[in-house]
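In the part that follows, the structures are each spelled out as structure tokens.
Two complexes, one shared chain (subunit A), two partners (subunit B, subunit C).
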Partner chain A sequence: MTGMTRRQWLKATAGGAAATLPLLRIARAQTSGPLRVGVILPRSGVLAGIGQDLYRGVELAGPILRDLGYPEMEIMEGDTESNVQTARAVAERLIEAGAHVLVGAFDSGQTTAIAQVAEQKGIPLIINIAAAPQITEQGYRFVFRNFPTAPTILSNAFQQQKEIFARVGAAPKTVVFMHVNDTFGTAMAGGIGAVMPKFDMPYRIVETIAYDPRARDLSIEVAKAKAAGADALLMVSRLNDAILITRELIKQRWTPQAVLSMGPGWYEDQYIKTLGKYSDGPMSFVPWYDPKKPLSRKLEEAHARAYPGTNLNTNQVFTFEALLIAADAYRRAGTTDPGALAEAIRTTHITDNVSIGPGIMFNEKGQNDGLVDATIQNVGGKLVVVAPEAAAVADPIWPMPPYDAR
Partner chain B sequence: MRRILEGASPRARVLLAALGALLLAAPFLVDSYVLSVLIIVLFFAYVGQAWNLMLGFAGQLSLGHALFVGIGAYASAALFVHFHLPPWAGVFAAVALAVLAGSVIGYLGFRFSIRGAYFALLTIAFAEFTGIAVAHVDWLGGSGGLFLPVSNRAHDDLANLRGSPTMFYYVILTLTAGALALCSWLLNSRLGLYWKAIREDQEAAEALGVPLFRCKMIAVAISSGLSGIGGVWYAFYYNNLFPETTFGTSHSIELILATVVGGVGTLFGPILGAFVLTPLGEVMTALTEGIGIDGVKPFFWGLAVAAIVLFRPSGLWPWLYRLLALGNGTRGGPR
Partner chain C sequence: MPLDFYLNAATGGLLTGLVYGLSALGLSVIFGVIRIVNFAHGEIMVLGMFATLLIFRHLGIDPLASLPIVAAGLFGFGFLLQDMVVRRVAHLADHMQFLLMAAIAVVLISLCLMLFGPDAQGLQVDYAYESFAIGPLLVDKVRVYAGLAALTVAGLLFAFFRYAPTGKAIRACGDNPVGAQVVGLNLRRLYALTFGIGTACLGAAGAIMLLLVDVHPYLGPSYTLLAFIIVIIGGMGSLPGALLGGILIGVSEAVAGLILQPSLKSAFSFGLLILVLLLRPQGLLGKAVR
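Up next, the complex of A and B:
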């Protein structure tokens, strides 16, 4: 029936267990080193693409921080598999294996699960990306976030739109608001509806068009937007639909004054690669880096060498900064004791950083509330910061160059 | 306990007693990482048991069980967040709502003779649109997620389910043991026999006078209620709920995988399956850590699961039961 006697099975099971335990121990033994940083990212599962992009920030950080004289760090990798349960178990595993600091994890749910473990164990967690405001509202003492919360991102976007309108001396009077109808798009639409009235914007939304991000054809939606006769497009999209909409704009011979994007898609490498010269023009409002800061230039150069033909992006910038924070805290604390490291992180004051704003420092909740988003415009296949003015390296191009004149 | 051990050989009794003792002592024997793995194992064993009751016992395939877990989780969490209602009180609302949802699905399915894959589709549809609906309800946190307040406490607060992983471990261990006892009792009851008759041949069962509709509705109600209780534990352990991940089909699949691997329709299958799958994942992580290729672990884990299903299509438990001679020969097969 089984091809195996009971005795053989018991022996095999015992042998397997005996072989497995040392493997787990080997994994732990391999993690000895100076400052052990457990980097927990969603490197497989539905968020795998983003997780792998985030990890580029880790790869870039090593040589740059070494050059800057920061102490050596040992990276312990953890994959959340895009899953909350796994995220929590990975955090436990890395802490048991000797991690002194944790970094992660992009997704707010997974980050929350890790934060609880970090807090229980008294191991500092430096959040690279996760926008849910609640994470730093829990009274945690070991959780620090160097990324703006969702309401901050939206507020910054409207502030900077007004700044751009003032600088170019023009503003749309009407916009069509197009957004994907998935949970992200719907949440953003709700957020925009709540935040926009506070900013007294010069335009009004004449039409709101929700669409399926998996749609194969958006010609009707774009025709409807064009027929509304609006001056500009306000977008919350993802990648594929951003490409589809641009193709429809070209086909239907409509170049709005501006495409103002408050989500991903329009600034991604794939968008630029696919559309070439037609990718120029859209403005995206995103947490970004300050290209005028010296460390940003170093990071840009390292990125260009390591990943030619792609642009440095939010994922890499904030993961890099999370490691910068860990290295800086370790240098000041002079010990790997997690309590001392947490105290050092709490008193972080890094002005030689890359993100926009006065620098990296945390409030009493562990949130860096000095962060400012950027407005980036696609120009000649590059992403150019056009606002805020302090970080801008070019003036905004307004209106967008017509698609049929490129 | 007597019913669980019915038909078990002395060896099986010793093994079960040893396993029980080990599980009771686990928090004192293992580190926090292994404890966190054991907590996940027990959660999947518990929810797998609830799902097994519906398919394994009563023959009704649900691929949307995340719905009932999600409803239980959201109901208790929202009551805790908004009205400070402790989970031990919130669990009543959680169970009531989960049973209501299960009853609606059951009524539609059984009254209109929606069977097999079509019934499974119905359960998926309910889970999906509930997820979408929750994403639009601000009171439930919308798509931004519902977060339970967390604080570090010096002592475990069992009444409010706020405390250490050890406390959550014992709670889920108790739930799993309770579900095992309940399922064992049900399986041996008249209702359990009716369920088995329906599972084997619905028409024949009906011809013999088995009240199909009532029996199936009871199965769905108990299964969804148990899942709702699991949801309460889930919400308070993880402290955050997002509609997409809580109600998603991938979550439903995750919840039933242990039972499929362990043995559908058996009492110990969900438990064995959970004890195999989750640790297998952790061992794969350790084995593939040095390879440096993203996604290699889930790949090999998937291969291992496929191999188990391929070589032991009835699940691991029936095979193990015979291999270790766990029966005393008085009953036909593995339980």
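Up next, the complex of A and C:
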């Protein structure tokens, strides 16, 4: 021993800690330098296609926000590998590496895991996309969602479906409901049971088919759906499964009157690129951008320049808006202190935005409940808004053109 | 539900099962002769799938046409792997051999990740969306070609082991290695040939499988597990058993998915495995060991 007693050692340690703490606090509250934003997306794994699409929103945001005079942001990339455990670990790693705000993560299960970490560490999380309602029902103080919940998406979808049926003068009598068996899919399936009866829909669900999100072959699922003899297909899917299902519809020579999708998959560029002429027809009921808003036009132009021949979609729009929220909060807070940033996000009031609805503002749960969906139909490789009528740029095509006559 | 839906599902399952069976043949050949359990089975098949993808992308050759090239390439890979690596641990305890094969699997996954990235990749042949209508049956063209190709390769393999002198020699090594050495057979060369034939089967199965599913580096373990289920059901080391096991799994998964819930497909395969292990542990066509 060197002669230091236990009491002396404790004193020295406590003194050292007391001297260091204010320094740490200063380091955390410093305002200089860019805002470090940890963007966590499923860049690989089963959701990789969508993850790449989402990341375009990040790439577009930088120059546009700079033009608008928002402060500089430093993007720290995180890949969930489409896996809940990895999502949690990546969130922890980015926070340890100094992220001031997190943005992500598209999938409800992965987002739930990140939200727990963000809340625990006191770092704000701005959810770009994730619809499971429970994420903002936990009483979290650091979690904010600028995306509708599953019941909102469903309410909008059923409302707009009825509008479309009235406009085309036809409606399916029966549907098969196919959904991916993950957090988002089961939340939507549960929501359908609760929300659909309120809308007095003209159809009934004759069969519900759940399937594995990692399925490599969906021939049996589609055969079962076809065997139910339903008029239309009601879908809650992802990208890979949407492609697999379409391939099977073609091979099994079944063109339903309509594919009514209440999730991603059917409007993504990879879907259109992979399936070509067979991608036309499906209708997606999704949160979308308002083409009439000035910032939407700016985003559309930037997108067209950066990714010619592809369509701007939900993935880029809501990822862009998540970064807009972060930049706006940083500008108002004037500090990178997570607590101050969270407070600034809570009082967000952005009306010069992109998505449909009055703008970006959060309720006491951290949820933007003013968002409105649109109905998008794939027509000639383009995504066309067909409802609500006020935002529609074309009439819906009903029924879908048969696959074997294309 | 009309009968033709079940017939369609069963036919699709049968054709997919033939491809499963071909892949499991690779595992069975290696285990039946060398007595090594190939834990890198799925990963080697994935290697074959990526090779097929590369050939398709760069040379535009259909997977069914590139099948012999891929099979030959993987034959060479398997031959060298056995002769240079696996042979050196053959005298060690079983668990050491398992560890070696598992390590090879990890190396292959990492290699595929480095070379091809983590994303799923597929190809689209001209006949991808076509199907044959035979009476009430509507059979996917890709699946028909895949099933026929698998059957042809399996038939060639059976013929090789039954009629070719080298095939007979390999069988002799599997039945009685000491006796085979006594009559002057070169065990080292024959084992390397056997491993090469097993991996060639995987190359062929991989080329065919790419017509049915997209490939990514993490696909291997699920196919290793599937092959184990198939060979245990069919009988470890039995070649007809592997093919039968593949067909059984393919058909039962398809029909069970239609009758019950599609998400119960995998549960059904495992249920079948438990049943076989309880009632006939040596597998349907396997020989009982006393």
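Heads up, the rule we're going with is that the second predicted complex is superposed on the first by the 233 of 406 C-alpha atoms of A that agree within 3 Å, B and C clash if a C-alpha of one lies under 4 Å from a C-alpha of the other, contacts with A are read in each partner's own complex, and residues count from 1 in each chain.
Please note the rule applied: contacts are C-beta pairs under 8 Å (C-beta built on N, C-alpha and C of every residue); 3 or more make two chains touch, one makes a residue touch a chain.
Nothing here was measured: the structure is a model prediction, and the numbers come from that model.
When the shared chain is aligned, subunit C comes close enough to touch A:Ile250, but subunit B does not. Once the two complexes are laid over each other on the shared chain, residue contacts for A:Glu96 go to subunit B alone; subunit C is not touched.
In the superposition on chain A, A:Ala227 makes contact with subunit C only, not with subunit B. Shared-chain residue A:Ser108: touches subunit B; no touch with subunit C. Once the two complexes are laid over each other on the shared chain, residue contacts for A:Ser44 go to subunit B and to subunit C alike.
In the superposition on chain A, A:Gln85 makes contact with subunit B only, while subunit C stays out of contact range.
Using the contact criterion defined above for the overlaid structures, shared-chain residue A:Tyr278 touches subunit C, although it does not reach subunit B. After overlaying the two complexes on the shared chain, residue contacts for A:Arg216 are found with subunit C alone; subunit B is out of touch.
Taking subunit A as the reference chain, the count of touched residues is higher for B when subunit B and subunit C are set side by side. Contact with subunit B, but none with subunit C, is seen for A:Thr186 once the two complexes are overlaid on the shared chain.
Across the two superposed structures, the residue set of subunit A contacted by subunit B and also by subunit C is 44-46, 48, 81. Against subunit C, the residues of subunit A that register as touching in their complex are 44-46, 48-49, 81, 181, 209-212, 216-221, 223-224, 226-227, 240, 247, 250-253, 274, 278, 403. Put simply, subunit A touches subunit B in their complex at residues 1-2, 4, 6, 9, 20, 23-24, 26-27, 30, 43-46, 48, 51-52, 55, 77, 79, 81, 83-86, 88-89, 92-93, 95-96, 108-109, 112-113, 116-117, 119-121, 132, 134-135, 138-140, 150, 183-184, 186-187, 190. Interface residues of subunit B, counted against subunit A in their complex, comprise 31-33, 35-37, 40, 132, 135-136, 138, 142-145, 147, 149-152, 164-165, 238-240, 242-245, 250, 254, 281-283, 285-287, 289-290, 294-295, 297-298, 319, 322-325. Taken together, the subunit C residues at the contact with subunit A in this complex read 1-2, 5, 8-9, 12, 16, 117-120, 124, 128-131, 138, 140, 212-214, 218-219, 253-254, 257-258, 261-263, 265.
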